[in-house]
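Below, chain A partners chain B and then partners chain C, in two separate complexes.
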Partner chain A sequence: MGETLLPQVIINGVTLGTNYILMALGFTLIFGVLRIVNFAHGEFYMLGAFFVLTAIIKFEVNYLLAAIIAVIAIGLLGYLTEEVIFRRFRDKELEGMIIALGLSILLQNLGLVAWGPYDLSIPPVFTGVLKIGTLFYPLERLMVVLLSFLLMAGFYLFLKKTKLGLAIQAIAQDTEIARVQGMRINRLYPLAFAIGTGLAAAAGAVIGPLFQLNPWMGIMPQVKAFIVVILGGIGSIPGAFLGGLILGVAESFVSTYASKALADLLGFILVIGILLFRPSGLFGRSQLSR
Partner chain B sequence: MITGRGWKAFGVYLLVVVFCGMGQAWGQDVLKLGVIAPLSGTGAGWGLALRAGAELASDDTNAKGGLEVAGKKYKISVIPYDDKYQGQAAADAANRLIFMDKVKFIIGPMGSAAGLAAQEITEVNKVLFVGNSFTTKFLGAKKLYSFRTTMTMAEFSLPMLKYLKEKYPNAKRMAILGPNDETGYEVTGFNLKAHEAVGHEIVFRDYFERGTVDFMPILNKVFALKPDVLNLDGSNPGDCGLIVKQARQMGYKGMIIKVGGPGTPEMLKVAGKDFMEGFIYYSPINPDDPKIQEITKKYNAKFPPPMNGFTPQFYDGTLWLFEAIKKAGTLTDTEKVKAALEGLSFNGVYTGAMSWTGKADYGIDHQVKFPFYVMVVKDGKEVVLGKVTP
Partner chain C sequence: MIPKTKTYAILALAAFLFFIPVLWADEFYLNVIINIYLHIILAVSLNMVIKTGKLSIAHAAFMGVGGYTSALTVMRLGLPFLLALPLSGLMGAFIALLVGRLLLKLQGVYFVLVTFAFGEVVRLFFVNLVEPFGGPTGIINIPPPRIALFPGIAFTLLSKVSYYYLVLGVMLVTLFLIHRIYQSSIGKAMDCTRETEHLAEFTGIDTFQHKMFAFAAGGFFAGLAGSLFAHYYRFISPESFTFWESVNLIVINVVGGMGGIAGPIMGSIFLVPLPEFLRGFVEYQRVLYGLILILTLWFMPAGMLGVLNKALDRMKAGKTGKEGTP
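Moving on to the complex of A and B:
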């Protein structure tokens, strides 16, 4: 092992990081706006991936169309979930968290009934490996990174440049003032939840072809998203971006130069460190606009 | 305060319960068979294979009119509980089976932690526990009521690696990647000893959390050490499929083997046939055997495919237990059934001649032994490389 390994370690870390960021964006958005720690976020990710699989296998839809339909459908499901379930728990963090945990178990078991317990996989969308010197980079991973950056850029522009995005930031900063300004809170809350779950579905659709699908596939990404969000600062979009990259690259380094078991511990060590020395995370708290 | 309407509702409920109970009493007598297995979570593929084996064996016995014990035919009713591959859930399941369902015989579980936890309850209550738990601690001189009807690494690791050493003498540098839990440590322990015994050099070993999806960072490190062989150890099929896929994507051209629990059809689904080409693994069954195809058909008619290699083993293990119950002539005296099972060799429908061994390794002859297969994937199909008798 030596310096030839280093570029591969960094590339693997960035790939891992983009996966984490994609998961963390919707999670942090939902917390920033609704103050709900959505522990069912991983299950919306799972539903997104399974939706794509079903659309491709059963209805022979092409991957891109399947992914778009999955994002819209799961976004809609998120909208209804907020309207029917979370509406009563807005600004009630503890109750909302418990409901989210229950929803997570419910969705996992619905997944079990619908798709069974065995690992399934989405047919490969991009095949082949990019080889540069000693570096190996599967094209499907390159596409995941590119699609992830596109999604992140789109989400950032949506928040910064559209009226709806600005309105969502406004209610995240101060709901009462936003209400006084005439914003329709009862429309914006479910919409923010729908965008958050749509982002989780997008993550599932984009990352799904890389890994195996099963009803529990959302658990680990959910844990990682939680770590990333605490690291970056709950409710902070730039924080999620930086937190995801830090965690991905750090895990890649520790996995390669120390051990995988230690890499899995690393996220939790980082969280304990952050909570001890900078409890608000790297980018403060609930700062969607910054 | 219960109102008049409340009392009426209670009365109707009571009538329904009594009626249902009478229905059962008037019908055929029932032998309750408990099943503890991971029916959800990462070990579900194996757990469902266990349940399927027990249920198919029970279905076939019921189709013949039931199990004849002391001149009376009993219909077998399988009561399955999910242990989620966790110790606490397995202990809860054992408690429910023994104290609520009044079960005397349990098939399962799969995981080491689950097996050890449930065993704390079954042993004290003298309930026969016929399972697969991979840990060596599952069997012991003082664990009188626990039997294992599947083979573990202790039985097949060394014979399989000896076979591979003879067939591929130039494959010397080994990397081992296994799951970070009780099962993983046990499996790796046996594989390490066996690799060393046949003269392999271990260049790498590490553990990962089950459910990990991105193995590229760890594989990066593995391949920098230039191993001839990557042994996937006790990793579950989904994780193995991903490791194979990502290893081949990274340009690894060496051998990939699995000296651990079966699950190649599931791996093929995840990794695809191109990446799986040349994958070598342990299998308790030969999928081309017409008998195995027969049980595969039965399995596919009742459960979602693909069938895991554990199903025929648990089918035979369950029938073996039924034979012992029949021979003992009792459904309640587990001492007698235990003695009958200990003294019974069994010609398994699918796994062939099965006998008890284990005194030297575990201090008790409660471990099954039968010939197994070393298989290889060729063009997406499972092909027999050799048959090994341990």
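Moving on to the complex of A and C:
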């Protein structure tokens, strides 16, 4: 039994980890570029999942098209949010954070007004179970992992290969130098915010079918994104990957071999541990350099 | 001349507060006012932490520590309420000192995120430890405060009116103490710590100790409020002390203005009754709340206090000369 359990635990952990990474990527991107702690990230995730649901049920489009619509719509919403609201609070870290808290309250409760307080679910997209030897894996989850990997690969290529991606990285490293080099901050900031919120919506669209949908569904993923990002170093993309994998696998191990309650606490214990020994996270830059 | 009128004004206000239950014996309004007072204690004590430049999202956790401490002290240990109340404050301060040593070393965003994480840890503790915290259902049937003046003579604060005076008393003492702290050299050092930390260090101010002091004192008063909360509603659960309650206290500070004691007081008076008078459209309450927060930061970043100060300045300028008029 012990032999079949171990691979299962690892697979579950990696699945969980990919979910966390997807949430953390947009969050860490937004912080890296705009220096905003986006407390509303979980709400963009929630909206992404609900947009998919509404597109499938009201407009009867297929899942993939619904997901694309959701990502574009939430991306646009993110763009406008930066243009209209966050623009006024640039370089004001504390105010920006409080604005994000207000946005979180606002979106969560607009979600409540629009979709009500009861659990809804996206109609199942993939059914069946994959069986390899003694390993069981629901096809639904396999697709989630595959789609997540596709998204992550796409995001990675975007950052490394496109002009826009490189520009965004440059701003994240040093806004002043990027500005001197002639980059148009006023165009790039809202774009980076749009990409970040679009990623949150993509996470909601991809992971949404696995869970119940309600206006508060974004809170827990957001908590996990915080933990992942603190572990990896806030603003660091490789940090988000590593942090997400570590948290997912560790939680899977602890909940299997110890208890679910301990698994819930684990993230916080890891965070406190890492802050004791490496306050800027695994991949974070030192606080002094900024 | 001016200090004297100020003293009279404060005395008149205190007398007015004292007679409120006589003027409006209505249970509904008393409940709202008690709620306002509890939030004033919480929001003003959070203001002290903010004064040192630290935005904590763990304040409700300290309130929870106080609430559980008080309920368990009275119900399990059988100790009187008058002992449980200060004990709850001390427990809040103790936990704050314990975690502050680590948390307050963190800068900017990291501090905010980790106080958020700490608040969740505390909540998960209450949820997961059924013994003694009662797990997700919390603790029910918390007795109302029983106050023994002399052996044999004791009375129980069952009515809203009697509870009103208890909360009023604790609030006034809290405000007085925090006001004195703000007026003292410690308060000035806190301002320096927030505005120019490095400069403060050079002038010999131990900024870390001041942050610790503010955090621990904040934990103390939040613990007191937690105790008052527990014995008033006579029921507590982990859901009473969530992240959202902490955010609520930040909203009160922002909308009222973070630049002084009067800010969170005004914020509480304005925001706490809001849900009570919007009962018709429950769903839109929090939408409005979020909007108010964003619009306040947008159009009046110093909050209601800032607007008030500006108006006062203009009045003064109008009296002394023509500089104030455009």
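Please note the rule applied: the second predicted complex is superposed on the first by the 283 of 290 C-alpha atoms of A that agree within 3 Å, B and C clash if a C-alpha of one lies under 4 Å from a C-alpha of the other, contacts with A are read in each partner's own complex, and residues count from 1 in each chain.
By our rule, a contact is a pair of C-beta atoms (placed from the backbone, for glycine too) under 8 Å apart; a residue touches a chain by one contact, two chains touch by 3 or more.
None of the values given here were measured: they were computed from a predicted structure.
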item: Partners on chain A (chain B, chain C) - clash or fit; value: clash
item: Contacts of A:W216 with chain B and chain C, given as first, second, both or neither; value: first
item: Touched partner set for A:N109, first chain B, second chain C, both or neither; value: both
item: Chain B versus chain C as contact partner of A:D119, first or second or both or neither; value: first
item: Which superposed partner A:Y156 touches (first chain B, second chain C, both, neither); value: neither
item: First (chain B), second (chain C), both or neither touched by A:V129; value: first
item: Which superposed partner A:I98 touches (first chain B, second chain C, both, neither); value: second
item: First (chain B), second (chain C), both or neither touched by A:V9; value: first
item: Against chain B, colliding segment of chain C, chosen among 25-33, 79-87 or 115-123; value: 25-33
item: On chain A, positions contacted by chain B and by chain C; value: 108-109, 112, 261, 264
item: Contact footprint of chain A on chain B as seen in their complex; value: 39-42, 44-45, 47-48, 180, 206-209, 211-214, 216-218, 220-221, 224-225, 237-238, 241-242, 246, 249-251, 266, 269-270, 272, 304, 306
item: Interfacial residue positions of chain C with respect to chain A in the complex; value: 55, 102, 105-110, 112-114, 116-118, 120-121, 124, 128, 247, 250-251, 254, 283-287, 289-291, 293-294, 297-298, 301
item: Chain C contact footprint on chain A (complex, rising order); value: 31, 37, 85, 88-89, 93-95, 97-99, 101-110, 112-113, 223, 226-227, 229-230, 234, 261, 264-265, 267-268, 271-272, 275-276, 279-280, 287
item: Chain B-touching residues of chain A, taken from the complex the two chains share; value: 1, 5, 8-9, 12-13, 15-16, 19, 108-109, 112, 116-121, 124, 129, 131, 136, 138, 210-212, 214-217, 219-220, 251-252, 255-257, 259-261, 263-264
